[in-house]
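Shared between the two complexes below is chain A, which pairs with chain B and chain C, respectively.
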Partner chain A sequence: MPKPKIGIYWCASCGGCEEAVVDLAEDILGVVEKVDIMFWPCAMDFKKADVEAMPDKSLVATLLNGAIRSSEQEEMAHMLRRKSKYMIAYGSCACTGGIPALANQFPREQILRYVYEESPTTVNEAKTRPQLKFAEAGREVTLPELRNVVRSLDQVVDVDYYIPGCPPTPKITKAAIGALLEGRMPPKGSVLSPDVALCEECSRRDSKPTNVAFTEFKRTHQKHLDPQLCFLAQGVICMGAATRQGCGAQCPSGNMPCTGCFGGTDRVKDQGAKALSSFCANIAAKEADEIDQTLKGIPDPVGTFYRYGLAKSLLRRKAGLPMSNGK
Partner chain B sequence: MNATPKPTNGSWSPSLVAFFCNWCTYTAADLAGVSRMKYAPNIRTIRLMCSGRVDPQFILDAFSKGADGVLIGGCHPNDCHYAEGNYKCLRRFRLIKRMVADLGIEEQRLRLEWISAAEGEKVKTVVNEMVDQLKALGPLGIPKQFAEWDAEMTRLEHAAQTSQSAESEVAHA
Partner chain C sequence: MYIPKKHEPVRIGFYICHCGVNIASMVDVKEVAKYVGTLPNVVVSRDYKYMCSDPGQEMIQQDIIENRLNRVVVAACSPMLHEQTFRKATEKAGINPFFFQMVNIREHDAWVHTDRLEATRKAMALARAAIQRVPLHKPLEVKKVAVHPNVLIVGGGIAGIHAALVLANAGKRVYLVERDPTIGGHMAKFDKTFPTLDCAMCVLSPKMAAVGSHPNITLWTYSEVAKVDGYVGNYKVVVRRKPRYVLEDLCTGCQECVEACVYKEPKFRDEFNLGLGKRKPIRLPFPQAIPPVTLIDPETCIELKSGKCKKTCLEACGDRKAIDFKQQEELREILVGTIIVATGYQIFDAKRTPYYGYGVYPNVYNALEVERLINASGPTNGELVMRNGQVPKKVAVIHCVGSRDENTNRWCSRVCCLYSLKLAHLIHERTNAEIVNFYIDMRTPGKGMEEFYNRLSEEGMMLVRGKVADVYPDPTDGTTGRLIVQAEDTLMSRILKIPVDMVVLSVGLEPHPDSDKIRRLFNMSCSSEGWFLERHPKLAPVSTFTDGIFLAGCCQGPKDIPDSVAQAGAAAAECFSLIDKGHIEQEPNTAFVVEKECSGCKSCIPLCPYTAISLLEDKKKAYINEALCKGCGTCVASCPSGSIVQNLFEDAEVFSEIEGLLAPVPV
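Let's turn to the complex of A and B:
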């Protein structure tokens, strides 16, 4: 019997998700034995033309990581969707926009100007910007276009399953691939990670206060963090209660609060609003001025509560930003 | 829920979504109605048992579905039926207001007022004031923006498809 074929692709991603696949360590050999990897540009030499030549639905699954942010990424997502029986959003960026989606707070022009002209490490006196088309010696070369909006994969193509995490852990990756190979897939649209809040699997759970009354919020660099106590008891924002489990609470184990990379549980529509709701409700003060004083400890609510999920949040992007057209 | 108001003969009129506590502001709005006080018809009221039930998700949902403004009405401090609900509401409000401002939604589009069951007059004043402010601000139009953002994708998808054959020639060369 021929081995099932899979593809692995990256879009607007940092490469961490690719690393996560490699992190399967010796287990990757078990996977490689059971499947044929037909497309994995980060690790092996494949060309787009190879994918184009594949019959439709000939891949059992594509694991696609990264947000969708350029015309090329969008085109590849459409193509891989056609070629795959299952399209799997792999990692926070593909699932909910991830860190790249924080760019949804800025106009594209501002981003390009900063990156190509203003950033302290940039020397570009001619203010050269990448062009979509460039002709030289009778040959025209092209570059993909950067979109105004950063999107999650399912805002571009139909997605069958989600493997969350920044990056997903080897454990849930292995479980997902196992389920895929054995044909034990849950209903379409499922997130392949337990639908329970992270606190349940956190070793600090016993010290989680039942009645917090925050008088201040401290950020991680402003405080010496106790290695055992629940972060909430230390006045530090931990997204555990608003985040789906599956990572084994690795950040709290490493003495850092959860920043929410696994996304919310299924019944939560907007992870950021939910997190904001529970932190604020538990502030001690009752007067607007004092409340504001406490809230000074959260200088950037969007970055704190939507660190990985702005693209998929209810508002998706800052309102009123211009949509520039073309180069 | 669809908060987009039907345009009356082509002219835009703001849509204001209100979350009113059953025990106070909702009753006050009722009183205002019964006493035939005139206030702007732009308001769509959602009755909740307490302002503490106003989940910030509701506010964002209302904006994302076309509300131009969101008004929350609750019992005065110390008067909440459930003792602490209005304080919870106030604390959430203080941050969500800042957060929606960071997301490009003007501060005046979100307002919290304490209005007791007897203050029908205050409902009228607050609603009229807010509708005037929304008129001055103009439409927020989040659903329209979603459509524009999505159009970027389909437009460029066509572009990608037409350039595809040319690019694959290069790949084979």
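Let's turn to the complex of A and C:
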């Protein structure tokens, strides 16, 4: 009997998710023993045309990482969706937009202008910008278009499962692949990590005072962090209470607060809003100007509370900016 | 009880009320009914003139049976008014009452808009929001919580006294807590009362004595409520009992200690007589004080200040051993089911109207001081003698001092016109002095009040309609302290400058300076002036927004003695109503923690205004005490992992409602 085939693909992401697959280390051998990795452009030479030539649904699953922000990524997502029985959003960017989705705070034009003209390290006196088409000597080359809005994978194609994390840990990756191979898949649409907030598995939980009553917020580089005490008790924003578990509380174990990469629990529509409402309700000050003073410790609220989830949040995009694909 | 099965299709009945013309004049109710009839799951959609009427309710019940409805939505007035009506109506027809949803298109729509088309669109949107929400509703049960039969009454003025006696006479156990060393309040300071001119203490002292000796009343004077926890039917209250340095159960009230005090003569400011008389460090506030127990002022007592007194009082007390210089403040915790707040008022400080010279010219008095001066138990034994030892021959009474005044208090204090007339009459009766009343408007509503005014005005007192501009010393007078009162007589259009011997300022009533503290203690609301706010100005005049806490007397607003007593009776009746029913029905819109979803982050615990949330130490999960939860939703909104659910306000219900509200309407 032929081995089941899987695909791994990379859209708008940093490459960390690819690294996470490699992070399986020797366990990857076990995976390869059971499946044929048919398509993994980052690691293997197998062309798009080869996949296109395969019958639909011939891949048992595609693990797609990265957000969708270009026409090419859109096209690949659609193609891989057709070829796969299960489409799995792998990592924060595919699940909820991730870091790339923070671009939704700005107009596309502003981003292009900054990157190609204004950034301190750019020298581009002719103000040349990449063109979608370029013809020379009778040959035409094309580039993908940058869309107006950065989207999570499920805002583009139907997604069966989500493996969260920036990047997903080897443990949940292995568990997901194991479940897939043994046909023990949960209901469609499930996020493949426990649906309880991180605090439960954090060793610092019991050190959190009942009433944190924030008087100031500090960022991690602004103070010496106690290696045992709950970050909130130190006035440092930790997203753990608003973030689902499954990572084994790796960041708090490394003396860094949770930044929320696993996303909210299933019950939560907007992780950032939930975190905000919880933190703000626990601010000690009661007068508006004192509250403002406390909140000065959070200079970038979107980057703090929506670091991985802006595309899938209720906010999604800065108000007044176009939501269309921008063709 | 009908509980729809999971897969049974949702069948909604929608009803829109005209409310006479209240709604129908601003909302096209027929159009709304027609539109809602086209929405998914809606089986019947009707409009009717008065949905709350019996035929209106019967129409719903008939539809439930004939059309097998399992959800009901009524668009009408505020749920504050008729939610219970319709819940009961749907329940009677066999449907769980929480499958009913009310849409407020009167207060929230018809009454606040002027554009009929826009108001109709809004009614459609509001109706659709409910139509989209009710399919998600779940059957809920009203829980019963027992009501503790004991009552706490805060404030021992006439209102508190009356309420305490009404309740205690019916066999209820009452705790009466009073801040001062004696009960009696302001009424105990008055000489006579309008309009009957009967002696205030003659009618009050029997009631005070009855309170003092009543087996069902625990009287704690010189005490303050320190903390209130809990909820209707089950309030846990901490009362702080200040040390009197005289033991209540041992003191017989003989006052031999007062006689024996090392201070032979009274030397210190007598608070009860507003400083017009003197007292010793150990004293009884006034002869009929209840409890008849002396107390020692630690500020003036030599022993308490320096420990170097001969303690002649202790000697005089002898074997009774009632004096205890080591007495400490005590905290007592009690459980009560209901609370009546009757904390009264303070008089306006006339120093805030400096043009009347109060506190500057010795012959200017406020009305309460005059009450004490003409009172037989007052500092002058009832003789109206001024600070200079003279009996006044001409007296000006100035109305509306600190009332109806842009610069001080805007409200009418309601009692001043009548007490001014009363004082004018009494001063004239005692001294034969000529009296001039300066008033803005003479306000004498109430039974027998206008007749009282007519009778007194025939006695020959002078009534000047005009606000006094200034009071200043008579430049032609050297020693007696005679004053000139300058005012415009607005009826005669002339300026008057009238020389008088004495000026009486009819000061208004205002909230206690610490009313905000009291308000927070009992979780009540205040009007902008600081009077405690009743739940409804007409239909719930003694209730507050906190269940089981009621108001009586002037803490709710200025009123006279009959009204205070009537309100005290009403507040007592409200307590009876809860106590005798024995339980309260608790709205099931409470929140609960889904234990397996809770991460134990504790974010919710400090936020609960009712201290209903605790951490289960063994499981490290938050837990909400359903009996304490008032359904405010604070914890639900703040739970960072969405693990707290509130009945009737589940996320899915609320989101579905919002989607319904925001979808476009056809007109």
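Convention: the second predicted complex is superposed on the first by the 321 of 327 C-alpha atoms of A that agree within 3 Å, B and C clash if a C-alpha of one lies under 4 Å from a C-alpha of the other, contacts with A are read in each partner's own complex, and residues count from 1 in each chain.
Operating definition for what follows: contacts are C-beta pairs under 8 Å (C-beta built on N, C-alpha and C of every residue); 3 or more make two chains touch, one makes a residue touch a chain.
All figures in this text were calculated on a predicted structure; none of them were measured in a lab.
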Item to check | Residues of chain A touched, compared between chain B and chain C (which is higher) | outcome: B
Next on the checklist: For A:T220, using the defined touch cut-off, is the partner it touches chain B, chain C, both, or neither? Pick first, second, both or neither.
Outcome noted: neither
Checklist entry - Given the touch rule stated above, what does A:M323 touch, chain B (first), chain C (second), both, or neither? => result first
Next on the checklist: A:Q234 in the overlay: touching chain B, chain C, both, or neither? Say first, second, both or neither.
Outcome noted: neither
Item to check | Partner chain in contact with A:S207 - chain B first, chain C second, else both or neither | outcome: neither
Item to check | chain B versus chain C as contact partner of A:S58, first or second or both or neither | outcome: neither
Checklist entry - What is the contact status of A:V196 with respect to chain B (first) and chain C (second): first, second, both, or neither? => result second
Next on the checklist: With both complexes overlaid on chain A, does A:K274 touch chain B (first), chain C (second), both or neither?
Outcome noted: both
Checklist entry - Which residues form the common part of the chain A surface touched by chain B and by chain C? => result 268-269, 274, 277, 281
Checklist entry - In their shared complex, at which residues does chain C touch chain A? => result 596-603, 605-607, 615, 620, 634, 637-643, 651, 655
Next on the checklist: List the residues on chain A that touch chain B in their complex, please.
Outcome noted: 47-49, 52, 71-72, 74-75, 78, 105, 142, 145, 147-149, 151, 156, 268-270, 272-274, 276-277, 279-281, 283, 285-286, 288, 291-292, 295, 298, 300-302, 305, 313-321, 323
Next on the checklist: Taking the touch rule as given, give the residues of chain A at its contact with chain C in the complex, in rising order.
Outcome noted: 195-200, 205-206, 208-213, 240-242, 244-245, 264-265, 267-269, 274-275, 277-278, 281-282
Item to check | Residue ranges of chain B touching chain A (in the complex, touch as defined) | outcome: 52, 55-57, 59-61, 63-64, 77, 87-88, 90-92, 94-96, 98-100, 102-105, 140, 142, 145-146, 148-149, 152-153, 156-157, 159-161, 163-164, 167-168, 171-172
